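You will see two complexes here that share chain A, one where it goes with chain B and one where it goes with chain C.
For the complex of A and B:
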C-alpha cells in the first residue's frame, strides 16, 4: 500500500533517510526434498517385494519357467522318444539312489519262484531281495524287490528322474516340455483376453450411449452362456490343439476385462484433465490410450495375474475330458490324465505333474494376492 | 420387480435357444460320422439313418431337432453310448448319483465353510486365522482333480479305508455311503475354501464398520453385536457363492465323477464327447446350460429378496 507522504503524521514525515532500514523478512522456505520421489508403480513394486509370500511365489514361478526352458533340452531324451522295452519305469535319481530312495526299484508280486532264476526274464543281479514267499496251489510264489532298471535292460548310468510313461517316454522331459506348453497357453490366452477386453471395454466406456448399450448387451448374452458349454463347443468345433485351447479360453474370458475397463473409463472420462485435453483438440484415440487407459493398468495387471492360474487349470481340465492338445505333445493336464489311469500301479506318473501344477497354481494365486494388495491405492502408505 | 423377473426369464429362454442352435450346428457340422456300427448291415443302417432324418439337408434336420424338443421334449436318441435309448432318459437316469453326491457335499461344505470363515475373521491374525487362511489358499489353488487323485491313492490304496471307486450297486446303504466318502470330500474342499474366504473378507469388513460401533455403544456385548449385526450382514454376499452350489447339485463335476467312476452327469458328458455320441452331447450341453441359466436367474432375483437395499427396478 502506498501512502502519500504528506498525509502521514508530522513526526513521521521528518525521519531522516538514514534511519530507514530494509525490514528483514522472515523468509519461509520449503525444505528441499532430499529423498527420491516414489511414484505409484514404484511404491507398488516396493510393497510387493516387502511381502515375503509374494517374493517366494515369484521366485517359484521364475524357477519353474527357467526349468521349463532348460530341462527338456538337457535330459538327453526327446519328449516324444519312445522305448517300449523301458515303459513305466520308476524314478531313479543319481545320488539319491544310493540312499535307497528313488533308486529305481519296485516290488513285483505273485511271481513263480522258479522264474526268478531264469536269466532271460530276470537278468543277472536284478533281483535284490525276496520279500515274501508263499504257496499258491502247487506253485511257490514270491514277492520280490527288483532293480527295475536292470530288469528292463536299461544300460547302467541311464537315469529317468521321474520314471517313464506307458510308452517308455521320459516323464521329466515331458513334464517340463508340458509345463512350457501349459504356460504358453496360459500366457497367450491371458494376453488375448487383455487385448480384446481392453479395446472392447475402452470403446464401450469412452463412447457411452448407444454404442455402450449395444456392446454391453452383446457381452451379457455371451456371458450368459455357461463357461463349460462354450469351451467344449469351441474345442469340438476347432479340434484339439494349442491354438484352439487358447481361443476357447478367450471366448468368454475377455468379458471380465472389458467390464473392468469400461467401469474405469466411466470413472475417468468426466475428469477435468480429460476435458482439458479434449478442449485442446486431442483426438479420441489419443485420449483413450494416452490419457484414460493408463489409469486402468493397475487393476488390469492384477486381473491378468489372477487369470493365469485359471487358464492353467482350464487347460488341465480340458485334457482330462479328452479335449486337450494333440497327442504326442505333452501338457501338464495331459500328463495328469495319463497318470490318473495308472495311479494305483505307478503313482510316480501322477505325483510329479500333480506337485508341479499345485506349486504353480499356489504361487500364481499368492503372487496375484500380493499384487492386488500392493496395487490397492487405499492401502498406500500403510506400512 | 415382476417386470424385471419377466425380462430376465425372456432373456434366459433366448439364451437357451442360442445354446441349442449353437450346439446343434457346431456338433453336427463336425467332419465325423454320426452313426456307425459295424455289426449292423448297411440296409438297416440306412433305415436307421432315415429315421433320424440324417439324409435331409442340415436346415431340415435343425427344424426336426428344435421341433422335437419344443413339442415332445424329445432330445434325440443315443447312438453310441447306449444305442437306441432316448437321450432324455439316459440323462434322467444319471441324475440320482450326481445329486446324492452333491447334496452330501453341500451338506458338509456350507456349515464347514461358514464356521471356518467366521473363526478366521473373529480371530484375525492369530494362529487359527493363519492356519485357516493357508488351507483356504491350498484348497482354492490346487485343482480338485489333484486332490481326487491324492485321496484315491492315500485313502483307498495306501491305507485302504475306503473303496477306490464309487459303487452304485452296493448291497447295503452303508456300503454305498462308504464308497461315496472320497468323492464327497474331493467335491467339498473347493466350496469350503470359497465360502470361508468370502465370509472371512466380508466379516472383517463389517466388524470394523460404524454400525458395529453403534451396536456396541447402545449396550450390546461384542458377541451379541457380532451375531445380530455383523454375521447376518456378511451372509448376504455369501449367497452369491452358495446358490450356484445348490442349483449345481444336478450338474456334477466332470473330472471327479470320471476319476471315481461315478455314474453321473459329469462322467456322462465326458464319455459322450470321447465316444462321439453327438445327440447325447448336444442334449447334455443344453442340460448344463439350463442349470447355469437357472442359477444366474436365481442369484439375480434372490438379491432383491435377501438384501432389501438392492431392489432392482426402481424400488417398486
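For the complex of A and C:
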C-alpha cells in the first residue's frame, strides 16, 4: 500500500525522512529447494504403488500376460493338436495327483459288472475302486472310480493339467493361447479406440462451435448403430477373424473416449496457462498436444484401463454366441462356449477359463480404480 | 498529443459476446467504443470495478478475442484486422501478457524451464541457448538455476507470479499487458512484484498496460490512468491529475472508496455513490470523450464539459 504523507497520523508525519530505512526483508534470496522435484507421473506412480489392491492387481495382470506368452510353448502340446482317443480327459497335475486331487480319476456310473474284467475296454489297473454295486433288472450294475488316463490309454508321465476338450486338445495350452488372443484383441481395440477418440474429441473440444456441433452429432449417429449387426456385417465382409472383431469393437467403442476427451478440452482450453501460451504464439497443434492433452491423461488412462476388461468381455460374448474368431483358434470366449455344452459332465472345461477371465476382469477393474485415485489431481498432496 | 510517440492506439474498440440463438440471443457489450493511446515506455493504468471490461480490453488488444469493431494499432501497424500467421507472430513477439492468477497461469505438467523457455524454443532458438536465457531470466526475477527443474505446484504465489513475469519477459517484448498481476497476492508480496516489474521496465524500456482495480497500486505504478465503467472509458488523465482533481462522478466515487490508513480521517471519510441516471442527463446531448484541460479527457456532454471547466477554474 502506498500512503501519502499528509494522510498519516501527525506523530508519524513529524518523523524526519532519514529515519526511514528500506525493509531488510529481501526476496532476492529465494531458498533452494532441498527435496527432489516430483513430477506428475512420478507422484501418480508413487501413489499407485502405495495402494495394496492396485499392486496385487497389477501383479496378477503381469503374471497372466507372462503365462500367456510362455505356457503355450512349453506344455508340449499344440493348441490345435487333436487326439480323438484322449478326449474329455479330466485334469491331472503332477505332484498334486499323489494327494488325491486333480489326479485324473473319474467316476463312471451304470456299468455292467461283467465288462470291468474285459481288458479290451478296461485296461489293466485302470479300475481303482468299485463305489457302488446294485441290481438293475437281471444285470448287476456298478459305479466305479477309474484312472481315466489309463482308461484312455494315455502313456504314463503325460499330463493334461486342465484336461482335454471334446477333440482331445490340451485345455491348458488352448486356454493361454486363447488368453493371448483375447488380450491382443482387447489391447488392439482399446488402443485404436483411444487414438481415434482422442483425436476426434480433441478437435471437437478445441475448436468448439460448428465443428463441435457437427462432430458430436456425427458421433451420435454412429452410436445408434446396433453393434451386433455391425459385427455380423464385418464377419460377412472380412470373414470371421481377429480383424473383424477388432473393427466391430472399434466402430462404436471410440465414441465414449471422444466424449470424455471433448469434455476435458472444454474444461482446460480456457485456462490461463493455455491463454498465456496462445499469447506467446504457440500453434494450435502444440496447444492441443502439449498444453491441454497432458492434463487430460489421468481420466483417459483410467478409461482405457476400464475398457480392456470390457473388450475382453465383449469378445467372449461374441465368441459365446458364435460370432467369435475362426476355429480352431481359441479365445477365452470360445473355450467357455465349448465348455458350457458339457458343463454337467466335464465341469473342468468351463471352470478354468471362467476363473481366468474372472481374475483378469477383477484385476483390470481394481487397477483402473487405483489409477483413477492415483491420478486424481484433487487427491494430490494427501498422505 | 504527439502522435509519433504512441506505441499503442486503440480507437472505437468494441467487443461484444453473444450467447443463444433466435429469441434467446443475448448480446453483452463488454467493451463499448473505447479509445485511448499508450505512449512508448510509459505505464498506462486501466482501472474500474469488476466486470467493467478491463480484462476484455487487454485480451482483445493481444487478440485472444477477435474485436467486434474498431481498430487497434501497435507501432503504427493495424493489429485488429484479419488474423494471419505473420500478424500472429508480429503480435506474439511484440506484446506479452501477465495473468492474474499465479496458480492458474502455469501449466502444472511442465517444468519451470519448459514454461519460461517455450517462447524462445518456438522462435527456433537452440536448447542450450534457451537454457542460458532461462537461467538468466530466473536470476532477474530472484529465483535460482535449480528452480528450473521444478514443477509449478512447488512454488508460492509470489514466486509463481515472478515465473509468469519471466515467461513474458524472455521474448523481449516491446509492450506488456499486465492483467491484474498483483490482485491475487497478499500485500507484502504485491510490493515485490510491482518493484520487479518497475525494475524490468526501466531496464528494458518497456511499455506497460497495467490493468488493476487496486487504486493505490495503480497510482504508484502508472504514468497515466484510464478509468472504465460498464465497458466505456470515462476519464483519462495523468496519474497525479486524476487523483488531485477527479472530474467524472464515477472516478470520484471510485476514489472515495479508498480506505485511509489514518483512523481519524478514515472515520470521517464520505463515500460518494455513482448513479448514472441521477448524475447525467444525456436525453438532449450526446456524451463523448472531451478534453477538459490538456491531457485530461472526460466522457461527458457539452454542458457537463462547461461545468467541469468552471470547476477547474
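Methods note: the second predicted complex is superposed on the first by the 330 of 383 C-alpha atoms of A that agree within 3 Å, B and C clash if a C-alpha of one lies under 4 Å from a C-alpha of the other, contacts with A are read in each partner's own complex, and residues count from 1 in each chain.
Here is the rule we use: a residue touches a chain if its C-beta (ideal position, glycine included) is under 8 Å from a C-beta of that chain, and two chains touch if they have at least 3 such contacts.
Here the structure is a predicted model, which means the values were calculated and not measured.
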Would you sort A:135 into first (chain B), second (chain C), both or neither based on which partner it touches? neither
Figure out whether A:278 sits in contact with chain B (first) or chain C (second), or with both, or with neither. second
Where does A:37 make contact in the superposed view: on chain B (first), on chain C (second), on both, or on neither? second
Just chain B (first), just chain C (second), both, or neither: which does A:52 touch? neither
Applying the document's definition of touch, where does A:229 land relative to chain B and chain C: first, second, both, or neither? first
Residue by residue on chain A, keep only those touching chain B in one complex and chain C in the other, then list them. none
Residues of chain C touching chain A in their complex? 59, 62, 64, 88-89, 91-93, 95-97, 99-101, 104-109, 111, 118-119, 122, 142-144, 146-147, 149-151, 153-154, 158-159, 164, 167, 171, 187, 192, 216-217, 219-220, 260-265
Complex interface listing, chain B residues touching chain A: 11-12, 14-15, 18-19, 22-23, 26-27, 29-30, 137-138, 140-143, 145-146, 149-150, 152-153, 157, 164, 254-255, 258-259, 269-270, 273-274, 281, 285, 288-289, 291-293, 296
Residue set of chain A touching chain B in the complex reads 221, 224-226, 228-229, 232-234, 236-237, 309, 313, 316-317, 320-323, 336, 339-340, 343-344, 347, 350, 354, 357-358, 361-362, 364-366, 369
For chain A, which residues count as touching chain C in their complex? 1-3, 7-9, 27-30, 32-33, 37-40, 271-283, 286, 291, 294-295, 377, 380
